[in-house]
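Shared chain: chain A. Partners: chain B in the first complex, chain C in the second.
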Partner chain A sequence: MMMQLFYILIFPGFLFLYLMSFILEYEDRIIYARLQNRKGPPLFQPLADFIKLLAKEDIVPECADKKIFKLMPMIALTAVVTSFFYIPIWGVNSLYPFKGDLIVVLYLLTIPTVTFFLAGWSSTSLYSTIGAVRTLTQLFSYEVLLFLSVLSPAMLADSWSLGDMASFYNERPAMMLFNIVAFGMSLVAMLGKLEKVPFDIAEAETEIVGGTFTEYSGRLFAFFRMAINMEMVVGASLIAAVFLPFGLTLDPVYGFMLYIVKVFFVIFFLSVGRTVFARLRIDQMVSVCWKYFAPIAFAQIVLILIVKGVVL
Partner chain B sequence: MGTVKIPIGPQHPALKEPESFLISLDGERIKDVGMRLGYNHRGVEKAAEGRTYIQNIYLIERVCGICSHSHSTAFIQAVEEVAGVEIPKRAKYIRSIVGELERVHSHLLWLGVAGHEVGFDTLLMYSWRDREVVMELLAAIGGNRVNYAMNTFGGARRDLDKDMLERILKAVDVLEDRTKYYINIATKETTLIKRLSGVGYISKDDVIKLGTVGPTGRASGISRDARKDDPYAAYGEVDFNVITDTHCDVYGRAVVRLLELMETYKIIRQLIKNIPDGDIAVRFPRRVPAGEATSRYEAPRGEDVHYVKGNGTDKPERVKLRAPTLANLMSVAKMLEDDNLADVPIAIAAIDPCFSCTDRMIKLEHSSGNSEIVTWGDLRKRSIDFYRTQHGIDFSELNKKYRGNL
Partner chain C sequence: MKIADKIITWARTKSPWVIHFNTGACNACDIEIVDALTPLFDLERFGVLLKGTPRHADVLLCSGPVTRQIEKRLIRIYEQMPAPKFVVAVGTCACSGGVFHDCYSVKGGIDTAIPVSAYIPGCPVRPEAIIDGVVKLLSKFEADEKKRRESK
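Coming up: the complex of A and B.
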């Protein structure tokens, strides 16, 4: 019982996720800054931002649906933390593995986006409402892409379980190379999911102020930010687990260090992505995702089917 | 969602100055744009009438934080015309050199702002870093980053010595190199082009009809540049092209500004090569005779027009200035027709607006026909009443106590 609590609350549960989210936010911000020729924030800046936000006043708009407005940050946070328990970190298996946990993780990762929509919609501000509608529109363009790109390695491994997939690729490391296209597509989808440039349309500052989060302040906003940062950790871990599943049979200490390296690697790509592109318009994003990226992901699945027929 | 009206401004992250755009949206598409000026009226024209000409140089230089040299030169040219004073040639060259350096810093600033408006912050960071080269140069020339105070009646206030001219040439080399890089980005980077092309379209006919000036007009194919059409300072003696473009959209405006930078470097090199020796200023009378003059100046944002009327005293009778943004603002509503909400910030930014320079007093009339004039005393009374009724704070005691001082 004590051990279970330790797993859930300390490591690799909530506390670890909490610290990791700050470290990854720092990494993202410093890479973004260095690529833009700036100095970037100090290491403790994300934590300082969080503490400062906690100390600020919570303002709930008068016309807002107060219950939903206050509840949404917590639901987003809970969904993200829960999904982390099903992702293998240093070994082949996650904390609570079962058949089909991949689907559960993808499902749990969709919940924050829905909460963003509800939060924006319930705060009734014009900017939030437009942001909320954009969040949903965006969801329909990257979510399919994410599912398709995660589907192809799962098809190759013939399993919906992250643990089974990991052990499959550990036995045949060369098989990983067939998934490179899907890896790229999943990074694109993750940029959309985390609402980063070029897909930060839902919170485009120069157009709709703060988008979904315009009316959020203080503690509630801090929790939303934390949920997004943790989503970044979970997303990066998921990509690392699905597309870079090597070295999982190592000693836990080395395995853990390897995991950190992998996550940093994924975040590096995301940071570069948001440095080199301009923000797309919502119609452009939908058309790009459906016209170019989705067919590429389909082509990847066809490739996997051929590989399955020929090699295995 | 039906039609919603969304306010962009007076306070909005996309706008650096207060200005109100009320946008009617059908989903993401713009149906109608309502514009309202007048949030930052400073009464510069009236203030100028109460000051002497010399004091007015400093006032007019502070009309705009970016084109400070443009406004002061336009004003001084008009006054010099009224007084009938011809300035030395070297002073004309110095004015032109500083004016062109100002154009470099304004256009690089615009490039960064445009990048920020389309969510491309990397471009903002890069172009503003490179802008520091010219900012430092201007600080070295005039001792200040934006108000260089290089102008005075009858010439220039400071000379540019040989070392300084050399330093300018070196900086121009660096800037030319960087500008080529930005031209490369603007014409090759896919997401940037996607966000710029086709946005804020305005045809050549509309540009002529609405009197659009500067790079905004030139991007729609009209070749209008005060430096070429009505040469002032030393522009009659240099060889340069007026850059035009036929895209008619934000992309065209970006290209025009970037290519214009290359012309600017060409102009600076010619000016420095041909700058004559001699005095930098002549004596200027304190009292300006009666008469009037209009002066045109091609500011980085477009044509700046100043009108000055003298009455024989040391104070002007009337000063009227028309900043380029006032000429361009009318075209914004046309540009935004049928665009997306996401295009609003960049379409507004593409005219390189400077609302504070533009703002004039406006009188609002109710649709019922009753207009209301609120005096200072009324406003005070209203605010005192507001605090007493809404917050229970009574200022009447304090009011009595300090009545003598107010």
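Coming up: the complex of A and C.
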């Protein structure tokens, strides 16, 4: 019982995720800054932002649906933290592995997006309503892409469980190379999921002020920010577990270090994407995702089927 | 309790998020504010981020004299910001009304409508002056908080 509580609250549960989210936010911002040829924020910046937001006044708008408005940040946070328990961090198995945990992780990662929609909708501000609708429109364009791209390594390994997939690729490391296209597609989908710059249409500060979070302030906004940062950790860990499954039989210390390196590697791609692209319009995003990226992900699946027929 | 107070003061001085509001300026100060936020001056090293909505912001950067039309909106924006909040008057017009002080449609400086924490003169202000003003405001806030803690 004590061990379970330790796993859930401290490592690799809530506290670890909390620290990791600050480190990755810092990494993201510093890479963004360095690519723009400037110094960037200091190391403690994410922590200072978080504490400052916690200490600020909470304003709940008069017209808002007060219960939903206050509840949504907590639900987003809970869903993200829960999904982290099913992702293998080092070694082959996660904390609570079972058959089909890949699907559960993907669906748990959808819940924050739905809470963003409900939060924006329930705050009844014009800007947040537009942001909320855009969040859902965006969901329909990247979600299928993410599922398709994660489907292909799962099909090759013939399993829906992250643990089985990891042990399959651990025995045949060369098989990993067939999934490179899906790796790229999943990075694109993750940019959409985290609402980072080419796909930050729902938050677009320059056109609809703060988008979904326009009316959020203080503690509630701090929890939403934390949920997004934790989603970044979980998303990067998921991509690392699915597409970069090597070195899983190392002993825990090296395995853990390798995990950190993999996550930093994934976040590096996301930050570069955030720096080099400008924001798309919502119609451009939908057409790009459906016209180009989804067919590429389908082609990847066809490739996987051929590989399965020929090689295995 | 004292330690928590100290940590909160530290966090507040390290992450001032700003929102920019034009109260009737000729646009020169606005361009200089945008200039100060470019990678060349790198305000993010002080933790400054530009926010779109007053709900997320700590510092309200006002440029220009308060016109009669904008006064109500300025007060509304100010009231939408969650406490603690600071107002910085950017430019000579925002400080005192400047060349527009006796214009029929102008009320005067920003302090005729809402309380102001820092005044940055200049026509238009240089980006360096804006950065200096914001950093001075934060160090003054830190010193005030320290005094308040000690007097308690």
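In this section, the second predicted complex is superposed on the first by the 312 of 312 C-alpha atoms of A that agree within 3 Å, B and C clash if a C-alpha of one lies under 4 Å from a C-alpha of the other, contacts with A are read in each partner's own complex, and residues count from 1 in each chain.
We adopt the following convention: a residue touches a chain if its C-beta (ideal position, glycine included) is under 8 Å from a C-beta of that chain, and two chains touch if they have at least 3 such contacts.
If you're wondering where the values come from, they're calculated on a predicted model, not measured in any experiment.
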So in the superposed three-chain picture, is A:49 touching just chain B, just chain C, both, or none of them (first/second/both/neither)?
second
In the overlay, answer first, second, both or neither for which of chain B and chain C A:201 touches.
first
Name the contact category of A:223: first (chain B only), second (chain C only), both, or neither.
neither
Does the superposition put A:183 against chain B (first), chain C (second), both, or neither?
neither
In the superposed arrangement, which partner chain does A:278 touch: chain B (first), chain C (second), both, or neither?
first
Output check: A:142 vs chain B and chain C. Expected answer is one of first, second, both, neither. What do you get?
neither
Considering only the touch criterion stated at the top, classify A:37 as touching first (chain B), second (chain C), both, or neither.
both
Go through the superposed model and pick first if A:69 touches only chain B, second if only chain C, both, or neither.
neither
Touch check for A:209: first (chain B), second (chain C), both, or neither?
both
Dual-contact residues of chain A, meaning touching chain B and chain C, are 36-38, 127, 205-206, 208-209
Residues of chain C touching chain A in the complex
7-8, 10-12, 14-15, 39-40, 42, 44-45, 47, 50-53, 55-56, 58, 80, 82-84
Which positions of chain A touch chain C when the two form their complex?
29, 33, 36-42, 44-45, 47-52, 55-59, 127, 205-206, 208-210, 213-218, 221
Of all residues in chain B, which touch chain A in the complex?
1, 4, 6-7, 12-14, 25, 28, 115-123, 125-126, 129, 189, 191-192, 194-195, 340-345
Along chain A, where are the residues that touch chain B in the complex?
35-38, 126-127, 129-130, 133, 197-198, 200-201, 204-209, 275-284
